[in-house]
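For reference, the structure I am asking about is given below.
For clarity, chains are labelled A, B, C and D in written order, and residue numbers in each chain start from 1.
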Amino acid sequence: MTPDLHLWLIPVLPLIGAAINGFVGRRLTRQAIVTVAIAFCGASFAMALYVALRFSGLAIPHLETLAPWIRAGSFQADFAFYVDQLSLVMLLVVTGVGLLIHIYSIGYMWEEGGFYRFFCYLNLFMFFMLTLVLASNYLLMFIGWEGVGLASYLLIGFWFTKDSAASAGKKAFIVNRIGDFGFLIALFLMIKHFGTLNFDRVFQFAASMSVENATAGLLTAIGLLLMVGAAGKSAQIPLYVWLPDAMEGPTPVSALIHAATMVTAGVYMIARSHVIFERAPTALMVVAIIGTLTALFAATIGIAQTDIKKVLAYSTISQLGYMFLACGVAAFSAGIFHLMTHAFFKGLLFLAAGSVIHAVGGEQDMRKMGGLWRKIPWTWATMLIATCAIAGIPGLSGFFSKDEILWRAYQASWAYWLVGVVTAFLTSFYMFRLMYMTFAGEYRGVTSDHSIVQEQAPARSRPSAAQAHHGIHESPRVMLIPLAILAFLSIVGGWIGVPGSLGGSNRFDRFLGPVFRATAPAVKPQHAAPGETAPPEQTTEGLESHTGRGTELAFTGISVFAALLGLYLARLLYLRRPALPERIAAALNGLYAAVANKYYVDELYATLFVHPVVEGSKHILWHGMDQGVIDATLDNSADATRHVSDSLRHMQSGNLRSYAGWVAAGAAVVIAYMVWTGTR
Amino acid sequence: MSLAFQASQALPRGTDYLRILPELVLSIFGMIIMVLDPVVDQRRNQKALGTLALIGSLAAIASTLWQARAPGLAFWNMVQVDTFSVFFHFLITTITAVVILTSYEYMEVQQIRVGEYYALILFGAVGMCLMSSAVELVLIFIALEISSISTYILAGFRRRAAISSEASIKYFLLGSFATAFFLYGVALMFGATGSTSIPTIEQHLRSGSIPVLAYVAIALMFVGLGFKVAAAPFHVWTPDVYEGAPAPIVGFMSTAPKAAVFAVLLRIMFQIHAPGRLGLIWVAAALSMTLGNIGALVQQNVKRLLAYSSIAHAGYLLVAFAALPQNGIPSAMFYTASYAAMNIGAFAVVSHFGGAGERYVTLEDYSGLGRRSPVLAAALTLFLLSLIGIPITAGFFAKFYVFSAALQANLVGLVIIGVINSAVAAYYYLRVIVVVYMHDPRDESVLPAVPLELGAALAITALTTIYLGLLPGRVLDYASRSAGDLLH
Amino acid sequence: MVPLSYYLVLSGVLFACGVTGFLIKRNIITIFMSIELMLNGVNLSFVAFAAHWHALSGQIFVFFVMVVAAAEAAVGLAIIIAVYRTRETLNVDQVNLLKL
Amino acid sequence: MLHLVLFLIFGAICVAGAVNLLVQRHPINSALSLVAVMASLAVEYLLLGAEFVAAVQVIVYAGAIMVLFVFVIMLLNAGEEARTGGSRVAILFGIPGMLAGSLLVAWVLITHSGTQEVSAGALPGPPREIANLLFHDFLLPFEVTSVLVLIAIMGAVVLAARPESIEQQKREG
């Protein structure tokens, strides 16, 4: 007898908040809007805490069916919710970080137009995200999946009067659609072969299938398609292009959606589908390789960015690459661990960056900042903590989770580890570069110059632009408190999962253990990764006895060294010798330009995909088929004026006889085909 | 041929009439409107006739529900009432009612005499209803002609606009052209099997080898019917006709006759077990989706854009025809219903926004609609999102079922083409949404308020769109049972 | 005695002539006549098949086709008149305001 | 033998009329050749034993429908058709398509429809039996045609009438 926890309330509460703000928000005062949004989001968080408290008394996985949904023949999907250790972690992260960012937004968005709209979308996003996390079948999950995409589209385009914001929203939406196909086709394959989309039944089926070592079978296909979906949502190569552009949205949105929660949905989905992936080593390897490449690739781009939010965006992509790497080497709990710590420190980084931007009046170019640490000490302090965390400075949360991933990656293949360490070095470098450029040295901005501020934030009627005249100022308390809380979490968040080698007992891994280990295949998959292979699917205890603690500590030392090296280099280049970077850039002219221009990937995609479709539509169908094919030569008898107007008219079709020509030709093809079939 | 019929010189019985009750009701109301039209004062009683037509279509809905309790054959194996026919009767009569609601304001704004208009809609609905229940090619042909001729006329109802009469003549000539192909197919089918009754044809084709003549017959019938549903390569008329015809009528003719023709196509493809179905449908579906979506990318006129989108949607729908019968039929039926809801809704918005003479139909005109009329913009957005196929709207599940049915028949290639197409489609639908919300209005003038009737129509279509997107279970269940009925 | 296929081929030829007329004629009325030609071709097929199968229903079909043709003629000619009134031309190549 | 000769003669007239319809550039000539096609088709129907159909063909088709055509040609004073350069699609795709399609169909008709011969008057269709079918088995289609005819009448009235605004303009002007 499991208790009824009314899980449905968790997603529905924010939905109610969204509905209230959406329908009557226009007539409410700002205080009322905030109260509604925070109250419903907070209630959701409280519910999540309640579930966590009752968790030990639940039979895991805990299923609650709200209402029957689709019953078509043998296929069945319900409005049902599913709680196990994995979804509980996600639930707490999403509601907790979500609540903090809601609070932060009060201060950040206070002066903006469309205040009610913002909170309505934000609550709507929470609804979809929680549906995604709590769903008990892939179909409901997909609805949440598409819903967060929609909410993210609305929020990226929030300042819709900015053209770049509108097109960034569209780009995000369409790139995500490409990923969604993969997901959708994977679902169709599941329906076809398993007849169900419910997690428990799908995993039962999958668990009963053998590991596809040599052959690429059904599970590999499903796994790869799910990977395509995850790559779209979590901004992995080659579908990462939307995330940097998504920074056009308000900063709290970047923090919530494009750092802490939505973009990690892909990682969650892969971890959730681990039963399938564990039996499809090829798919797993693809996940690992794409994750590794993305981590490195995005980190190199991050080095040359000058927009503070763009740096963080590429850093997010890179960190997501780590999580994929973890999943790819079947270290799902390590991936989720990093997901959680990342939510803390990356959320914090974005919020702090928002605070910086707020302080300097909308400026996002780091070249125009500098020396801010004295003026906004709180922001500086919290951001420093987050930077140390992401760089992997020992003792902070990022250190533990990254270390865990690197260690597990090494056990799969030294190549993964090596790239991981290089990325760790780059991460440390570009993050400290960001810190030095922003906070250290002298202020390089022109506070009194009105026009720059206007240029950077044309449509935002932000009075803080006016404040810029009066000087740089610390953000209000309502923004600083979330920063402080997240900073605290960034420090201590790692301690719940201290790996055994560092004297901890890795409680996090053990907590998630039941999810990932209960269904592990009896026969170990032979990981097809390049280089030395070790059986990846073993408990941490097993690994320790296998390789020994000393080795692991040595590797930890190397990654700490890499982080410190990055710190040192950044200090050298951006604090001690600020002229050096330019000289280096000049020396490596082509390479630097490529990196600064994000390797021209956007341009490549535009030429390869977008351009041909639009132009093809225009030229082949319009000019070609109609203007080109259709006769533009005219009867001699027609006079000159007629000639001109008719030739214009005849250039484009609209001609009935052409239409009949198509019908007749089509009919001929159809008849020919049918005669061919009939006489075959 | 035996002369047995002389022995059974019975008159039609009561149940016979019950089984064509919706058609009877619609015809009677149509005739009443026709008779009253010259009598009543046009200026004052515009609405009275519309209301009468509305009552007629509501009565038809009621009689459909009543009829559902007495399934069976009627009029000497001419029509068959079963869950399949009831589904389409209900759909078509509901579409009729909603279209009448959207026409109230439109006719007033465009200053068009209404009498014949409403009568033609009702008579057209008679033909469409009959198409879904007829099991005899003679009756199907006549019903098809009734629905076609009434739409030819309705397409030309904006008599002061040159493009409207042009739409009418194009639609009429090409439509008759296609009808001739269909008819030739029927003749060859008659030649191949010696009958025009669908059950008899089915028996004949099932026993023994299938004559080549039947293949050609299916091909020609597909040309005719494919034209009517705007499937490529017989889609060329669609953009022109949709652009020129009155907006509420486009909403009507892109849904109701299409639904009816799809019903006929389902009968021919699945009940007759049309030979050579797979390849034919495969190519037509792939072509329709691709040409429709690519054509829509560069459109500036919203009606034209929706016309291309309707070609694409015909393609998605055809995908279901390539699937196995037990999955394909219900998914096709579900798609028809979903598409009807969202498309009529979209055209209701277009018809209201168009203004007198349909002046405002380009994409630029729609800029800033979000600020000028949030309700209208929200409704349009919902319908467009549904057309894209976003979850919790009808369009999502419609596509979902169609593609999943196709995948169960191992049509991986077709599904991939479909899925890629639905991504391309997102681009141009989003373009409309972006214009609506993210551009500055060109014209700050106040839009006329949404009148009650149009509001009701929008509410019905919007709620249906969301209902089918949230709880598709019941409708799908019913459609599955219909599939069972159709396949015995 | 005439083989059935002769009748069928004759009907096919008439149908093909109708299609050709639709494709090459400029005058809307002539185009419409081509459609009538197509329908006549179909009718011949019906009657021939009716004789072949000894099924009178084929002949019945012909009556219905005639009724439909008559109805189409009434409507079609009215539409042609309406077009002529707005355009003052019967040349189908000039009825092309609506285009891609 | 006589049967075949008659078939060939009237078949030839049919095809000649159809081709003439395409060749003639004045719609009146086209209409008259269409009448010729219809009349000779009526003879073919007679050869097949469908007397009633033959009679109706002459009365309804050649009589009523073609009169309507001629009437409209006269009403609109349609002259010779202009040689406008119209559509390359129709020539490049439509005509070859039509040719290919009709050759295929003809091939199927010749090889696959059975080569049974149809004797003159193979299927006597006395009006009495036709009536029995029409008013009993096909009662519903028969009744439904009334709706069709009704629509056609209404449509003709609506479309052929002058639009009100044009009238008003004329009155005002």
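In the analysis below, a contact is a pair of C-beta atoms (placed from the backbone, for glycine too) under 8 Å apart; a residue touches a chain by one contact, two chains touch by 3 or more.
Keep in mind the model is a prediction, meaning the values are calculated, not measured.
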Chain of greatest Cα-centre distance to subunit A: D
Rounded Å distance between subunit B and subunit D, as computed from the means of their C-alpha atoms: 29
Distance from the mean Cα position of subunit D to that of subunit A, given in whole angstrom: 66
Centre-to-centre distance between subunit C and subunit A (centres being mean Cα positions), rounded to whole Å: 61
Distance between the centres, which are taken as Cα means, of subunit B and subunit A, whole angstrom: 41
Where subunit B touches two or more other chains, by residue: 138, 142, 145, 149, 152-153, 156, 159, 165, 168-170, 173, 177, 191, 212, 216, 240, 295
Subunit A residues counted as touching two or more neighbouring chains: 621-622, 650, 653-658, 660-662, 664-667, 669, 671, 675, 678
Junction residues of subunit C, two or more chains touched: 8, 15, 18-19, 22-24, 31-32, 48, 50, 52, 54, 56-57, 60, 64, 68, 71-72, 75, 79-80, 82, 85, 92-100
Arrangement of touching chains [line / ring / star / complete / other]: complete
Touching residues (chain side subunit C, partner subunit B) in the complex: 8, 11, 15, 18-19, 22, 28, 31-32, 35, 38-39, 41-42, 45-46, 48-50, 52-58, 60-61, 64-65, 68, 71-72, 75-76, 79-80, 82-83, 85-87, 92, 95-100
Sites on subunit B touched by subunit A in the complex: 169-170, 173-174, 177-178, 181, 210, 212, 214-216, 218-220, 222-223, 227, 232-234, 236-237, 240, 275-276, 279-280, 283, 291, 294-295, 297-298, 326, 330, 385, 390-392, 396, 400-401, 403-404, 407-408, 415-416, 419-420, 422-424, 426-427, 430, 434, 437-438, 440, 471-473, 476-477, 480
Touching residues on subunit D, where the partner in the complex is subunit A: 82-98, 100-101, 104-105, 107-108
Residue ranges of subunit D touching subunit B (in the complex, touch as defined): 104-105, 108-109, 111-113, 129, 132-133, 136-141, 144-145, 147-148, 150-152, 154-155, 157-159, 163-166
In the complex, subunit C residues that touch subunit D: 1-10, 12-21, 23-27, 29-30, 32-34, 36-37, 40, 43-44, 47-48, 50-52, 54, 56-57, 59-60, 62-64, 66-75, 77-82, 84-85, 90-94
